[in-house]
Amino acid sequence: MIFKDDEIIVFAGDSTTDDGRMRPFAEGNNTLGMGYVRLVDSMLTVLYPENSFRIFNAGTSGDTSRDLLKRWDDEVLFLEPDWISIMIGINDIWRQMDRPQIKYRHVYPDEYRSNLEQMVTKSLPKVKGIIIMPPFFMEPCHDDWMRALTDKYHDIAKETAEKYGCIFADVQKYFDEYLKHRHSSSISWDRVHPGIIGSFIISRAFLSAIGTDRQLY
Amino acid sequence: MIFKDDEIIVFAGDSTTDDGRMRPFAEGNNTLGMGYVRLVDSMLTVLYPENSFRIFNAGTSGDTSRDLLKRWDDEVLFLEPDWISIMIGINDIWRQMDRPQIKYRHVYPDEYRSNLEQMVTKSLPKVKGIIIMPPFFMEPCHDDWMRALTDKYHDIAKETAEKYGCIFADVQKYFDEYLKHRHSSSISWDRVHPGIIGSFIISRAFLSAIGTDRQLY
Amino acid sequence: MIFKDDEIIVFAGDSTTDDGRMRPFAEGNNTLGMGYVRLVDSMLTVLYPENSFRIFNAGTSGDTSRDLLKRWDDEVLFLEPDWISIMIGINDIWRQMDRPQIKYRHVYPDEYRSNLEQMVTKSLPKVKGIIIMPPFFMEPCHDDWMRALTDKYHDIAKETAEKYGCIFADVQKYFDEYLKHRHSSSISWDRVHPGIIGSFIISRAFLSAIGTDRQLY
Amino acid sequence: MIFKDDEIIVFAGDSTTDDGRMRPFAEGNNTLGMGYVRLVDSMLTVLYPENSFRIFNAGTSGDTSRDLLKRWDDEVLFLEPDWISIMIGINDIWRQMDRPQIKYRHVYPDEYRSNLEQMVTKSLPKVKGIIIMPPFFMEPCHDDWMRALTDKYHDIAKETAEKYGCIFADVQKYFDEYLKHRHSSSISWDRVHPGIIGSFIISRAFLSAIGTDRQLY
Amino acid sequence: MIFKDDEIIVFAGDSTTDDGRMRPFAEGNNTLGMGYVRLVDSMLTVLYPENSFRIFNAGTSGDTSRDLLKRWDDEVLFLEPDWISIMIGINDIWRQMDRPQIKYRHVYPDEYRSNLEQMVTKSLPKVKGIIIMPPFFMEPCHDDWMRALTDKYHDIAKETAEKYGCIFADVQKYFDEYLKHRHSSSISWDRVHPGIIGSFIISRAFLSAIGTDRQLY
Amino acid sequence: MIFKDDEIIVFAGDSTTDDGRMRPFAEGNNTLGMGYVRLVDSMLTVLYPENSFRIFNAGTSGDTSRDLLKRWDDEVLFLEPDWISIMIGINDIWRQMDRPQIKYRHVYPDEYRSNLEQMVTKSLPKVKGIIIMPPFFMEPCHDDWMRALTDKYHDIAKETAEKYGCIFADVQKYFDEYLKHRHSSSISWDRVHPGIIGSFIISRAFLSAIGTDRQLY
Amino acid sequence: MIFKDDEIIVFAGDSTTDDGRMRPFAEGNNTLGMGYVRLVDSMLTVLYPENSFRIFNAGTSGDTSRDLLKRWDDEVLFLEPDWISIMIGINDIWRQMDRPQIKYRHVYPDEYRSNLEQMVTKSLPKVKGIIIMPPFFMEPCHDDWMRALTDKYHDIAKETAEKYGCIFADVQKYFDEYLKHRHSSSISWDRVHPGIIGSFIISRAFLSAIGTDRQLY
Amino acid sequence: MIFKDDEIIVFAGDSTTDDGRMRPFAEGNNTLGMGYVRLVDSMLTVLYPENSFRIFNAGTSGDTSRDLLKRWDDEVLFLEPDWISIMIGINDIWRQMDRPQIKYRHVYPDEYRSNLEQMVTKSLPKVKGIIIMPPFFMEPCHDDWMRALTDKYHDIAKETAEKYGCIFADVQKYFDEYLKHRHSSSISWDRVHPGIIGSFIISRAFLSAIGTDRQLY
């Protein structure tokens, strides 16, 4: 388990991270929205009640990597985290699909890589570690245009994690396992927003990645 | 153009037909919801202002073919239509995907065929004609579990139309053409609910099928 | 068909154009309100899915030509359009009828002509073309005070279009045809706001004027 | 002044009478809606404070003469009125204009005459008098289809009043005088619903007809 | 009748004048609230349709004469009225009764006289005339503390009107006549806010004072 | 102190008693509305925490003594009270003042006496005692029509209490003392509804009458 | 892991189980409220995607064991469960504390034992097994009146489980462990309603008790 | 009785004082929230109607002593009080319990003492006297972590009152007496917020402390 007592962990991301979090920033389980950040905070609290993990949700619905990079100093580093978790990129991809005519809102792979690298390199000197979670798409068919594109961004996220020694939590892998048994519509209307079941799948990836060494049951 | 002055046309279906129609039944353009039924009514009114087409929306969100059959006498034939349009089946399919554990709500192909045939045979003696639109899924990949299943129901709808001399309006074909150029997420979050753009696509199929002989522009 | 891939088209106007559009400006079909702008965008998307037309709704409810001229630079030219559609003037007329005592809100014919000419001459050097739609009133009787006045503004709009080589889309003509068969109250309470049926009538005029070369059905 | 202390006066009609009255029936100025019935009650209270006039609003929005006749016993005679005021018919006319395709909701002149006569003959033996106000349309042009039709119903109302010795309060005449000076849109969006200014015009006709013998100022 | 075509009349006052008027200032019958200002505007429109009276409601709920004086330049003279109507003072009195402990909100007779005189003297050079209506209290018993105090302010208003040649519209007199026949609770819960019946009583006083020379009926 | 542990006390009355109580009947401090019943319950709980007084609010807004008598068996005796408190009559009086024309809702003194006597005689055999509180009016001037009438009903309530050996809690006396120092508008808009300050005044009368033998401070 | 594919599991209980579940009964993750039932369903779905567990929430806020017993046939056995989970009793206890005066709503230990035994004996012949969870109170101090009483009911629940061979999931034990490290106010305002963190604690007990043999991370 | 006519009394504190008070500051019984401040104001008004006590509620929900000190000049001394009542500290304590991980929001005993002393010493030269009420916790068991901590802060408040000659109103003592007879849950869900019954308990302490020399009953 990599987190220690009194450490600050900031979760940066888009709507999957945000999920209705309180604004402006606040601390405490009930400020964290209804998604994976709150599930993770709740489980860590139950598993390690003798420790205080100070968890912040810095997700903002609709963010692309470009948007997140713009607010990185003011909303992520500003919180003086010990650890940062990043899950970003699906809106970089999705806007190319659902709003093809609005090109200035598209963030293509090269810019994505650059945005992610800037977040990492700005932060590394100030934190104990970074967890990168790739964008995921709940679609098993790799021929789907959007899954194919998501695979590209997934690889960029993974390569970036490896290049800078970050922890990589492969969320897509856990979703792919689930999708061998059930259709995506059993979790999500749009294959992007995870709902509570999908948030547990993300939590699996995250809790494994940080070396959680106590079990719930 | 098959419809004549003062004829009654009833659109039976599920949420794609319903789309927020007024309850209880009422007549008039503003009672028809925001979907393809209202688009079709509006366009026919503009194109043939000297005729009165009495159009009713008998769609009910969430209906499977089993549900629609149950209310067929009371909510469709009750209206004494000259023409009936049927678009049903996607919920027969979808529930097998998104609620796999709730088996009593699944309607499998054999029952679908039987339900549809009962609607048709009950109605044929009383109406001038029936238009059948198959269920559609906005997914071009035929390997997708749900598209593959939709293809089966599509064929059943088509076979039923042919067997009983109904008009078949192939909605799926028009969606497939569109999806060669744009990703499904440009129209719909869940690949089922069409939004206004998808409703125009359905209208294309419907207006062609009924032999509309005047153009908008 | 005069529009090309990736071109920006801005619809300027009053409440008939606005019809509940999103504020502040945004792009995408669901930001365009519920009137003719959304219908036109939807139909063009369905007819030409391989092209991206970037359509903006710059209508503002209640605007006279004087109001529209004031915001022309900031809200129309600011969007760097390739094409501009203008439908303005009914509030210039209506205020003389429904608020006779509030004279400073009346815009008389001479000022209307001047306002419209300024919009056109400011824009011509920067765009590929301008479509002018005259104000219309859903009243067939030319003796009606308001119809008689609308006819004057209609002529000014037409003369302006001709003088500057703009495309003129004669909306009133399409409404007059409809009103030969049905009373105005079948579309509109106030003979000004078109509802969805009236919006289709406007779309007829517009789609014809721009040379739409594919049919829906 | 025909009304005496403690007499009950019931106003029967459609939305112009109703205008948001309280449901179920109640007595007292604040239960009478925001239309001419409340204005009349208020002015009579101010002019004759030593008398108690028990005024009921029995208007129901949307009513045709057919609808009003159906509820005549239960909602008008049930109140045991000394005087009845009737203003009905505009929806008999309007539905022929705004919903031409829904013919079963049209009430043609012969039925209108019959409905009105039945209301009168049922009531005459039980009351001290009946005031009939004809349907009116705020349109000065008699060529307008709806005004022309309203003129027919107006004449039927007048003939019925004369035939049975009822008081006839010619509301249309007062509106026509007003419309010599101002356009209908200065009072009403749809030329049917009067707003507060139109309600004063109706009150003029009514207060004159009942022989009001004190002035406000 | 003192008002002429195209003249501006501003009604200054407190909640009895305000009565829900639109904010910020606007012109037109529907912006005038639901009190005597709208009644007066409606009746003048009906009686003199060939004239345009531009009526503004500048009442503000809760205002004492001290508050009204503060906003006199910005909200009354700013409108460049031809005529001003002032009804102010009841809150000067009422706060002494209902909030005896909050003395800084009390406005005593001397200050009231001074405030009213300042409003008048500032305005007289710029307008054609001023109508003063005194504060009124719907209580016939002169021994009541609040009625006794209102009588004092009434006299001050009257003396001010006489001193400066203003028109004095004695609202209290009309209420006193009414209260000979009915208890105050038949109009008002608190003996201050007039409701629609009380608003007609105020209108009586006002319309008489301005020499209205046409009758409603 | 007349109440003992586990006894049931029911407060019957009109809006002054009701004051927003929960419906249907429930027990517990938070079900008792915001008026004197809750204040009395709260103070008794604080003063006698070792005892359980089961207090019910059976007030209904708008009730006259006629209305209360009708529901006496079903809503008062039904609760099997040990003690009953009755405060009724103000609506018997008030309707004569504020709705003079609606005579069937007036309850005159003879009927009031009869109604009250029936409540008492029906109940006496089943309870340990009855507390009667007279209707009160927050107006010191006995010449006021409504105060004069309230005095009559007050005397009837007092006589009834004496005749049947009930406890009489003279609420009016406490209000009169208060009104020597402050105007009624410092407590109440309409001189009937007491607000929280008036509710304390009622509580004074009630707590004195039941012989409360512990002090708050 | 005791549950098998396609088995029905019903969770009976009070507000801790209910937690905002959909009404009337429905199946599917999003119908299960926001408490431990949804957490358990979500985790089982993620852990065993190849199985369908049909989970129903039959909790009702405010229920005592007496209330639950009354609806046992209609709302629990009616669902034909394979497994039943029961967590009931805290309201039996709480009402003795927070509403001491309302004795008929108190359920004392003997009745609690009897109620619970009846639920178990009625059900055992029809199900594969029963899980009993005792009522819990988030208070470590056994001297607290309510904790002391909860201990009694806990023992009754445990004895009943042992007597009838039910699975006993000792929720209180998991809460007591947590409360060694943190004050109850870190989870719950009232020490009864668990919030999401407390719901995870209940889930720990439940998932352990049913022999969950796969781990989340 | 220490308060005199026309004196200003300001109640400073947290949510127990605030209890929904109006914002921004206003005077008058109905601006004081629903807690003990309004009860005290109401009782003093009833008991001493010939005096005007100008009571302000300066409580702010959530305030610790640190927060209150920050706004002391602007929101307490700004009001120029003759008397100040201070009840602060429970949030200093509670945050250590319910948000153990958010340490910067904890206010430990030394800082509490310092904060309180600064409020007192800043104010003493400007006022006639200060009433200090200690923070209280509705828990009789002194072993409870939060009660034990509250006892410490209670002692600090008491010592501060003694050191500076302030009046000390021992609220906790009154609650402890009540809790000998009833469980805390009969007043409060969280043992902190008092509800109306707890507000009467606070009022007992306060009214005793200020030497109230008239009784309610």
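Labels A, B, C, D, E, F, G and H are assigned to the chains in the order they are written; within every chain, residues are numbered from 1.
Keep in mind that, in the parts below, contacts are C-beta pairs under 8 Å (C-beta built on N, C-alpha and C of every residue); 3 or more make two chains touch, one makes a residue touch a chain.
If you're wondering where the values come from, they're calculated on a predicted model, not measured in any experiment.
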Practice prompt. Could you name all chains that are in contact with chain A and with chain D at the same time?
Written response: B, C
Fill in: Contact distance in steps, from chain E to chain G
2
Worksheet item: Do chain G and chain H face each other with the same patch, meaning over half of the contact numbers show up on both, or with different patches?
Response: same
Response to the item:
Quick note, more Cb pairs in contact for C-D or D-F? It is C-D
Item to complete: Please determine the option from G-H, F-G or C-D whose contacts repeat those of B-D, over half of the contact pairs being identical by residue number.
Response: F-G
Worksheet item: What whole-Å value do you get for the distance between chain A and chain C if each is reduced to the mean of its CA atoms?
Response: 46
Practice prompt. Could you give the separation in Å between the centres of chain D and chain H, each centre being the mean of its C-alpha atoms?
Written response: 63
Practice prompt. Among the residues of chain G, pick out those that touch two or more other chains and give their numbers.
Written response: 99-100, 182
Worksheet item: Which two-chain combinations qualify as touching?
Response: A-B, A-C, A-G, A-H, B-C, B-D, B-G, C-D, C-E, D-E, D-F, E-F, E-H, F-G, F-H, G-H
Worksheet entry | Contact set on chain A toward chain H in their complex | 6, 27-28, 52-54
Fill in: Residues of chain A that touch chain B when the two form their complex
94, 97-100, 141, 143-146, 182-183, 185-186, 189-190
Worksheet item: Which residues of chain B touch chain G in their complex?
Response: 99-103
Worksheet item: Tell me, which parts of chain C touch chain B in their complex?
Response: 29-30, 38, 42-43, 45-46, 49-50, 177-178, 180-182, 195-197, 200-201, 203-204, 207-208, 212, 215-217
